[in-house]
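The following pair of complexes shares a single chain, chain A, combined with chain B in the former and chain C in the latter.
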Partner chain A sequence: MRPSFFHHLHPPTIPAAQARWRYTLGAGGTAVFLMLVLGLTGILEAFYYSPNPQEAALSVQTITYLVPFGGLVRNLHYWSAQLLILVAGIHLLRVVFTAAYSRPRRFNYLLGLGLFILALLLDFTGYILRWDEGICYPLVTGTNLLKTIPLIGNFIYRIAIGGGEACTTALLRFYIWHIFGLTLLAVILSVWHAFRVRRDGGIAVPPPHLRTDTARISRNELVRREVLAILIVSILLILLASFFPAPIAPAMTGKPVMTENARAPWFFLWVQQMLKWGDPFAFGVLIPLILLAILALVPYIFPQPADSDIGRWFPKSNRVAQIVVIVITLTVIALTLLALVS
Partner chain B sequence: MTQPSRRDFLKLLRDGFLWMSGALALGGLIRFLDFEPNPVPKTEFDLGPVEQFPLNSRTLFTDPPSIPIHTESGFSALSLVCTHLGCAVEQSADGFACPCHGSRFNVDGAVTHGPASKHLASLRIERTEENHLILHID
Partner chain C sequence: MKKYLALASGLLLLTLAFIGWMDSRRPTPIALTPTLTGQPEYCLTCHSDLPEISTSHPVKTFGCVICHGGERLALDANLAHSSMRGGVNPSDLSVVEASCGGSNCHSGDQAAGRDHIQRVMTSVQSTYAGAIANIRYTFGAQPDLKAYFGIATVTDEQTKTGITSLQAFDPSHESSPSIQKFGVNCLTCHLHAQPREGEAYARQTGCAACHATSKHTLSTAIPYTQCNACHNRGNYNLRTMTFEERADHPTTRLHDYYQPIAQFTQCEYTLDCVDCHTRTEAMGDGDIHVNQKSIEYAQCKTCHGTPTKLPRTQTLTDPNDIASTLAMLNPVTNLKLGDTILVTEKGEPLWNTRVLADGTYALIGKATRQYFTFRPVMGSGCTQSGEDQSSAYCHECHAVER
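And then the complex of A and B:
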């Protein structure tokens, strides 16, 4: 059989042990699929969305309630975005816990981390685009955090939102960052990330003489598994989109409405929780950046995993990295839960 | 050390030019984006005629978030923008509370509970010849 274009995107064969679900969790491939769904549904939304402070929330309502299948498109976009953060997070944890980041994949690990940050920024800017009465406080606090950065804070603030008051002027910049600036970066980094997987020798495995299992699967089998994953994720997405609609609220009326408890979007609740403790720069900028720096340095500062341990779950030789990343993950989860109950 | 060949020198020159062009373009892009197209936000607000603010009154305004206060010593105003990260504080039983990160202030604007570390700002109020109150938020 002549391989199709889609088959050609895959290596002819890959090691069977590392192609198993229980090894990859299907996370990287699922992330690619979710990004495709996001691109497609995002383009469709752009046919109706208006990045104008007076019309934005109304155009979201038009998409949601009037356009045929508009609600479905918007809900799919919303749920793909939420799932992408989870799936990308799982992918990151899998790579750390299987020592897959070790040489020569250290640089690709950084590209992946960059993509994770972009997913967070895209989720936040997309959330702001609703421009309803709920988004003003998260927008004000998020952008005021930029201002707290010494020396360059005001400059970054101007680049990000174009200056002025966030809740009256930020929409156009956030729109362009969302649909063009950040998206372009994400597309470039994704293609580079995928290219580096191939360039670095495919999925992480021990060198040939250290492998206990030499079986390989063909790309036909690999594509079959991917299609299965796509089907499962599609069903999940359609179920979520059908039964749990994306949040929608009345348009912002100039000034934020009085709310009992102004909540950040779920993926930034942990930062909001820390901000309750004091200095905005320390808790809202410095500590998140330090955590990010530790994650970025995982392949560089911790003991290198043994060659025979690459591509195995929880090997002994990278225990330190596992513990550090588990501690960071549990801290973020604990802070999020704390913010939810308070 | 061996002398660099003509070819090495030309390569260095080419790379230097490429990097410099890139840096110039990036600098231009940053300057392009670093411009405030929006009109400067208003800093003066007409609150209305003086008669609306009887002696010993505290009137809540949401735009801009503030409380003009009329006492024996004249007019003053308290900003209701939280000094922590800029949310508008809300009136509570014993003063003001911020909905974003839980800072609390007493009726005079002094911090009673963090994370805010600065008092709510005092704003300047001016009385015009037509007996209107003008609030300055700069």
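And then the complex of A and C:
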């Protein structure tokens, strides 16, 4: 039987050992599915959302409460976005811990890291689109951080906010970045990332002469596994969306309010926690950028993994990279927990 | 694998059915687009059982949000209510300007009598200026009985009483322990304050303290029971600086009306407070007054006159007369042009009275709609001298025995 379009997107066969859940964790594929859900629910939301500062929060209320199944669509969009950050993070850790980033996949590792950053930015801009009382504090804090950058800070701030003040007029910019600029970049990078997976030889495995397990599975089996993952993730998403609605707050009226207990969105809580320690540029911009640079340089500065170690969990030959990434991950988690309890 | 796929598909279908069921349980949204705002609101989805708040504020015209605030499109109770002005009471004086004010509403033209909020803000019911001045004078914190402090800062640029402003009274700035104690124990009887605990004290704050005669009802037909939530509820003990609640348990209106030591006549407990006391006495006249005595003036003679003088009267000729407006807001009597009514010494209309053809008078209860007739003192057997005509003198002969 000639393969369908969907089957044709997959390689005819892939190594059985690297097609297992316990190897891939299903993270990359789940991320793709979540992005599709985000695109679809985002388009549905766009039918009702109004990027006008006076109407934005009210249009979000309209979507949430009045449009048939609008609340469900918005909650699915919200939860897909949160899960995407989580799943993309897991995907990144998997790639590091299985030495899958090594040559020739070094560039694709950078593309993936870029996608992760885009996911964070999309999540943040989407959060701002609520344009209600809950978003003002993180918006002002986040964009004021840009101003602290020496020399070019004010310029970047103007690009991000435009004229006027953060909580009064910046909505349209965030809207365009969210639905157009960042989304377009994410689509391009995603397609590129997937293309490079195939171009770089498919999923990371040792070269043929070093493989201990030569079994392969067909793309029919691979698609079945993907469908199963999609079904499970769909059920999880629907349950999350039904029982844990996305945050919403009263519309901003007149002067924006800076509530004292305001928090950054959860994925930036670790930065918020560091900001309590002192200089906003050092703790809010420089340290996060240094951590990002270390992550980006993982394939380049640490000892190269042995060919036989590619595609195996926690191989000895890239121990240094593993330890560095574990330390960064645990630090970010610890800071997030600190911010949550304080 | 196929087994798992079938199982997962079944579970997904179950989840979708569950969503459909959850959605079917949501209430059907009820939209209302009030003519004044032109913006749809969905409050009636849950609140369709509330009575119309008053004939002057029909829900089809006003809706809910223009007074109450709140998130008009939210169908989640917490979010919908989160931005309401003054919680359940938008007339609380901290938010009243946003809720009830505006030049088309109750912060309107003074000459037309539409400056209700300014009048309430400056009234002694709101400033409590007299009591504060009295206590501060008594305990040596000020040299005279002039009003310097009110419950909140208030100004009156067009003063006729000479008092242009009051500072907010802050008991923590007082050195006398008695004044501090007064601040703690004795500030529950003004319009800014939450009432004391107990059913007898139950009232709202702000405008609603007087005008909310029952749940979600605003009225100018205010029964004496509304006034009694503050008045006649007990006394301040100046020695201990505490409020001593009234201990008797009145079961009839006669006993309920005034405290045991008070003297009063039959009409004073048969009528409601608002039948005799005028709108400026109760709500203020827009000027800051030094104390209650400075604004309260209705006496027996206001309606009955004296042995030598009949009460003032006025024949209605102007359809825009305030008397007609007041009669329209509380239509207990069909007031027409050409009718002659009693007016107070200051010229305020007692619009619920009539001068009858035989020279006697009629009064219709504003809250009870009862019809009473009464006579002037002139021509009666009253021998009280013309100089001594305050109510206290009338009580000497006419007080009710209890």
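Following the convention adopted for this analysis, the second predicted complex is superposed on the first by the 338 of 342 C-alpha atoms of A that agree within 3 Å, B and C clash if a C-alpha of one lies under 4 Å from a C-alpha of the other, contacts with A are read in each partner's own complex, and residues count from 1 in each chain.
FYI, a residue touches a chain if its C-beta (ideal position, glycine included) is under 8 Å from a C-beta of that chain, and two chains touch if they have at least 3 such contacts.
This one's a predicted model, so the numbers in the text were calculated from it and none came from an experiment.
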item: Partner chain(s) touched by A:Ser242 [first = chain B, second = chain C, both, neither]; value: second
item: Touching partner for A:Val96 - first (chain B), second (chain C), both, neither; value: neither
item: Touching partner for A:Leu145 - first (chain B), second (chain C), both, neither; value: first
item: Touching partner for A:Leu66 - first (chain B), second (chain C), both, neither; value: second
item: Which of chain B and chain C A:Pro250 touches, first, second, both or neither; value: second
item: Which superposed partner A:Ile14 touches (first chain B, second chain C, both, neither); value: neither
item: Chain B versus chain C as contact partner of A:Leu34, first or second or both or neither; value: neither
item: Partner chain(s) touched by A:Leu84 [first = chain B, second = chain C, both, neither]; value: neither
item: Chain A residues contacted in one complex by chain B, in the other by chain C; value: none
item: Touching residues (chain side chain A, partner chain B) in the complex; value: 137, 140-141, 144-145, 155, 158-159, 162-165, 168-169, 254-256, 258-262, 272, 275-280, 283-284
item: Chain A to chain C touching residues, read off their complex; value: 58, 61-62, 64-66, 68-69, 72, 221, 224-225, 227-228, 231-232, 234-235, 238-239, 242, 245, 248-251, 253
item: Chain A contact footprint on chain B (complex, rising order); value: 30, 33-41, 62-63, 65, 84-88, 90, 99-102, 114-115, 117
item: Residue ranges of chain C touching chain A (in the complex, touch as defined); value: 1-2, 4-5, 8-9, 11-12, 15-16, 18-19, 22-23, 29, 42, 71-76, 79, 82-83
